[in-house]
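By letter and in written order, the chains are A, B, C and D; residue numbering begins at 1 in each of them.
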Amino acid sequence: MNKHTILIKTFDSKGLIYKISNILYKYDLNIEYNSEFVDNKNNIFFMRTVVIGNFDQSMLVKDLKLILDKNSFINIINDNKKDIVLFVTKEEHVIGDLLIRYISGALDVNIKAVISNHNILKKLVDKFNIPFHHISCNNLTKQQHEETIIECLDLYEPYLIVLAKYMRIFSVDFVNKYTNKILNIHHSFLPSFIGSNPYKQAYDKGVKIIGATAHIVTSNLDEGPIIYQDIIRIDHTYSLEKMKEYGKNVEKIVLSNALHLLIENRVFINDNKTIIL
Amino acid sequence: MNKHTILIKTFDSKGLIYKISNILYKYDLNIEYNSEFVDNKNNIFFMRTVVIGNFDQSMLVKDLKLILDKNSFINIINDNKKDIVLFVTKEEHVIGDLLIRYISGALDVNIKAVISNHNILKKLVDKFNIPFHHISCNNLTKQQHEETIIECLDLYEPYLIVLAKYMRIFSVDFVNKYTNKILNIHHSFLPSFIGSNPYKQAYDKGVKIIGATAHIVTSNLDEGPIIYQDIIRIDHTYSLEKMKEYGKNVEKIVLSNALHLLIENRVFINDNKTIIL
Amino acid sequence: MNKHTILIKTFDSKGLIYKISNILYKYDLNIEYNSEFVDNKNNIFFMRTVVIGNFDQSMLVKDLKLILDKNSFINIINDNKKDIVLFVTKEEHVIGDLLIRYISGALDVNIKAVISNHNILKKLVDKFNIPFHHISCNNLTKQQHEETIIECLDLYEPYLIVLAKYMRIFSVDFVNKYTNKILNIHHSFLPSFIGSNPYKQAYDKGVKIIGATAHIVTSNLDEGPIIYQDIIRIDHTYSLEKMKEYGKNVEKIVLSNALHLLIENRVFINDNKTIIL
Amino acid sequence: MNKHTILIKTFDSKGLIYKISNILYKYDLNIEYNSEFVDNKNNIFFMRTVVIGNFDQSMLVKDLKLILDKNSFINIINDNKKDIVLFVTKEEHVIGDLLIRYISGALDVNIKAVISNHNILKKLVDKFNIPFHHISCNNLTKQQHEETIIECLDLYEPYLIVLAKYMRIFSVDFVNKYTNKILNIHHSFLPSFIGSNPYKQAYDKGVKIIGATAHIVTSNLDEGPIIYQDIIRIDHTYSLEKMKEYGKNVEKIVLSNALHLLIENRVFINDNKTIIL
């Protein structure tokens, strides 16, 4: 028996749950998990249903379309492992955390490759027998650099691109090419401290709590839909270095939690916010 | 148009969501909020649906019973304010917090009365023009004391009894008379530090985090289904007195959050655990 | 025997702890609590010492000045209850929390008066027999309004002014008149969402955590030194109203915690940050 | 210039800070960091001072002993990297986290070896070129097994033994041989859920928060002095497997934080509690 996740985003109207569940019933599908949310302000209905059973996917989509608004979003995702590509620059903590999860089986994806603008983490990645592509931006325009990256990504066609502390900003064109497919970890409690050196900003401000934010990358720097955030408490005894060091604990857990939500097909994008079912 | 919350707990079977939503659709009810949960281990289905519309309640129950297992639990709760009675002993912080919420409108219930085994909080309660019953246990057996309390409760027939730091233990008979109707706040992170003087136990143990637990009272002391818990971080500089003082902040918020969940009809009891939809 | 808190802020130099503790030893003072901090970046030494014993305060200050840099800050604070004045506008939760702490003895100050630009909370404050001054800003310029407030404050000469959800912004002149004496609670996790309607800003941004910040008021709106912050986790199901309601729990606890730190003489201002000893 | 940490635990008496700082001043030592704590209940004074300068260690101890109670504890620790040995059984997450910190330089120790009762993690440890000793307990009595372990430990003479999810219980004799030198991570919020399978216990209990506890191992199972604890919020949707998976995030951070406190010489043992300066 196959497991699939059905994601539906549509205009809300009376009887939607009945009509959708009626179709699933007719297809003799077992509902393992079901949740809905209605954005009352915009009158949008979200539904995530995990079903078990065999069915003709295009038929089901067709039948669902008959009862839904024509602008509806319907996505049926199988249970296969998803392919991801990681981007890094110099720091070990986030990618290291993902690699340990990966070999332990906790992170149920295929890490197809790691791409970096530096060569520093090659040694670490090699230990785990994952292809490491050093794509330096030296002597390249931003456009040339991104074209090289795109060529490399084309080899892997990843379901998700995970920026595991990748310290360069992509162009709008690049981001638009991979809409809702790029996950980033920002080392601050957004929207506080957008941009570079957020720990320095936090240190100078004297905040008593710092955090990290995992979000979908959009064309507005550090402003994409937030998936997960967490914080730790600090005090005046924390030097900038200590803040950075302890902040890493939050960064890696926040990114990992967001990544799990994405690979479990639990994240809807709703305007610039996320609905997590 | 009326608002009702429909709670259903039944054996899980294929098509339940379809069958139930079909009935609600036929009754022309608008679903404002809907959520389900399946306890896979015990094969139990839980559903909470908030509907808007006019309907014959006994007819709806009858129709639901036709499609559900005969041992199913069905509860339809209207949107009226619920009556509650508070029990206190000597401490101001929890009842004070509830009273401030009450007069601000944030706590949307009728506080019918306060019952106490001491007279100390009468002055505070009087400020808010709520009947205060001092039912001392002096010169009374436990049974006599509880009979007096029951007589008093009979005047109010509360939907919920809220123990807002009531420092006496009820008999099994008393608890069984008000099954799933008594909410308690215990000043520890249960199951740590069951019984008396949990802060002293926590102080002696040297824990680095303390907490509070709101739970339904059952015949096993401090062992009933947990609705809400929260914690605060402490360190070796906390004296027992400071722990108690800061712990109060957690106690009152935890009780308030649990009370809100109960009056919003969001809590199912499942064995000795809670499902919160 | 008297208890005093000695606060020292001075340029750091070798032997400071020895030299200061030597003087305290000669005065035969018992040190109940002592802590220090050095801001290495700016080479500033902070010390808070709670001493028990009888001594001539001006003599002690004179002796301390002999060994300290001439720009040093020395403050010796006795153990008497401090006078405070509360400012409010319309919301009950923060002032209500303070009042309940006050009558329970947990908040060890004298609340001399409550000042408000509205009359709404008079009924609540009257219950606690505390003078309530309604100083409306209707038909007054900002300057006239603040002059009336200052006249009123002059009656009480408070050690601290606590803005318990006072929804008006003071002029720079007013703030400068009460340097480091005004405590405010801002209903966001600063520096996120400075200014008006922070919950609306947070809701629109789709953050997964909201918070509150207690800070000293300076001439830069919402930018003064932060004393305490805390947060709660939210999700997409939180309406703006629910965010506001649950946010109140954080606001009142954060303000109360900051107030306790201030009345226990534990807060140093260091540039635009706080050192809490 | 050398950096040392001086730890003093002694009976409290008037003038202690003065007398100790006087000696440090005479030795011309620069105090980089200093903190004290007095356990008023037992009248014990704790002091941790980080000093910079050159001095004769035995002379300093001698001079300190002249002014302190004869039962005092004095420890002067140099700034060299400490040697540690890790114990593991089958799980990757804690040791993996430590290894990534180690190669990034964030964990400033020498990991001399990993000892395990299983061979499973050899492949992971080999990637990092650290000796892995598989000491199976098959066909061995507990005493024989521990003797083999002790022989192995004798090769390394570690400053600390870190149980990074080592799933066997040491004998009292073994523990007493390494008093205050064994750090353990227990996968529950102690004292809740002592013993085996704490997640199962937590799941069955229906708690709304789970945690992890790092503590010094003593002869009482899971009852040694607690160094660090942290928690995560869960709900009824968490299966036992999901609890275990998310609990791992807390386990590894809690162990790492406790280990950092130990290698920074910040932990005093006071009866069965810790003082962290």
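Convention: a residue touches a chain if its C-beta (ideal position, glycine included) is under 8 Å from a C-beta of that chain, and two chains touch if they have at least 3 such contacts.
The structure displayed is predicted, hence computed values, not measured ones.
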Contact-richer chain pair [C-D vs B-D]: B-D
Chain whose Cα centroid lies at the greatest distance from that of subunit A: C
Whole-Å gap between the CA centroids of subunit C and subunit D: 38
Distance between the centres, which are taken as Cα means, of subunit D and subunit B, whole angstrom: 41
Overlap residues in subunit B, where contacts from two or more other chains coincide: none
Complex contacts: residues of subunit C adjacent to subunit D: 14-15, 17-18, 21-22, 24-25, 28, 30-36, 38, 233
Subunit A to subunit D touching residues, read off their complex: 91-93, 96-97, 99-101, 103-104, 106, 124, 127-128, 245, 248-249, 253, 256-257
Touching residues on subunit D, where the partner in the complex is subunit B: 37, 40, 189-193, 205-209, 211, 225-231, 235-237, 239, 270, 272-276
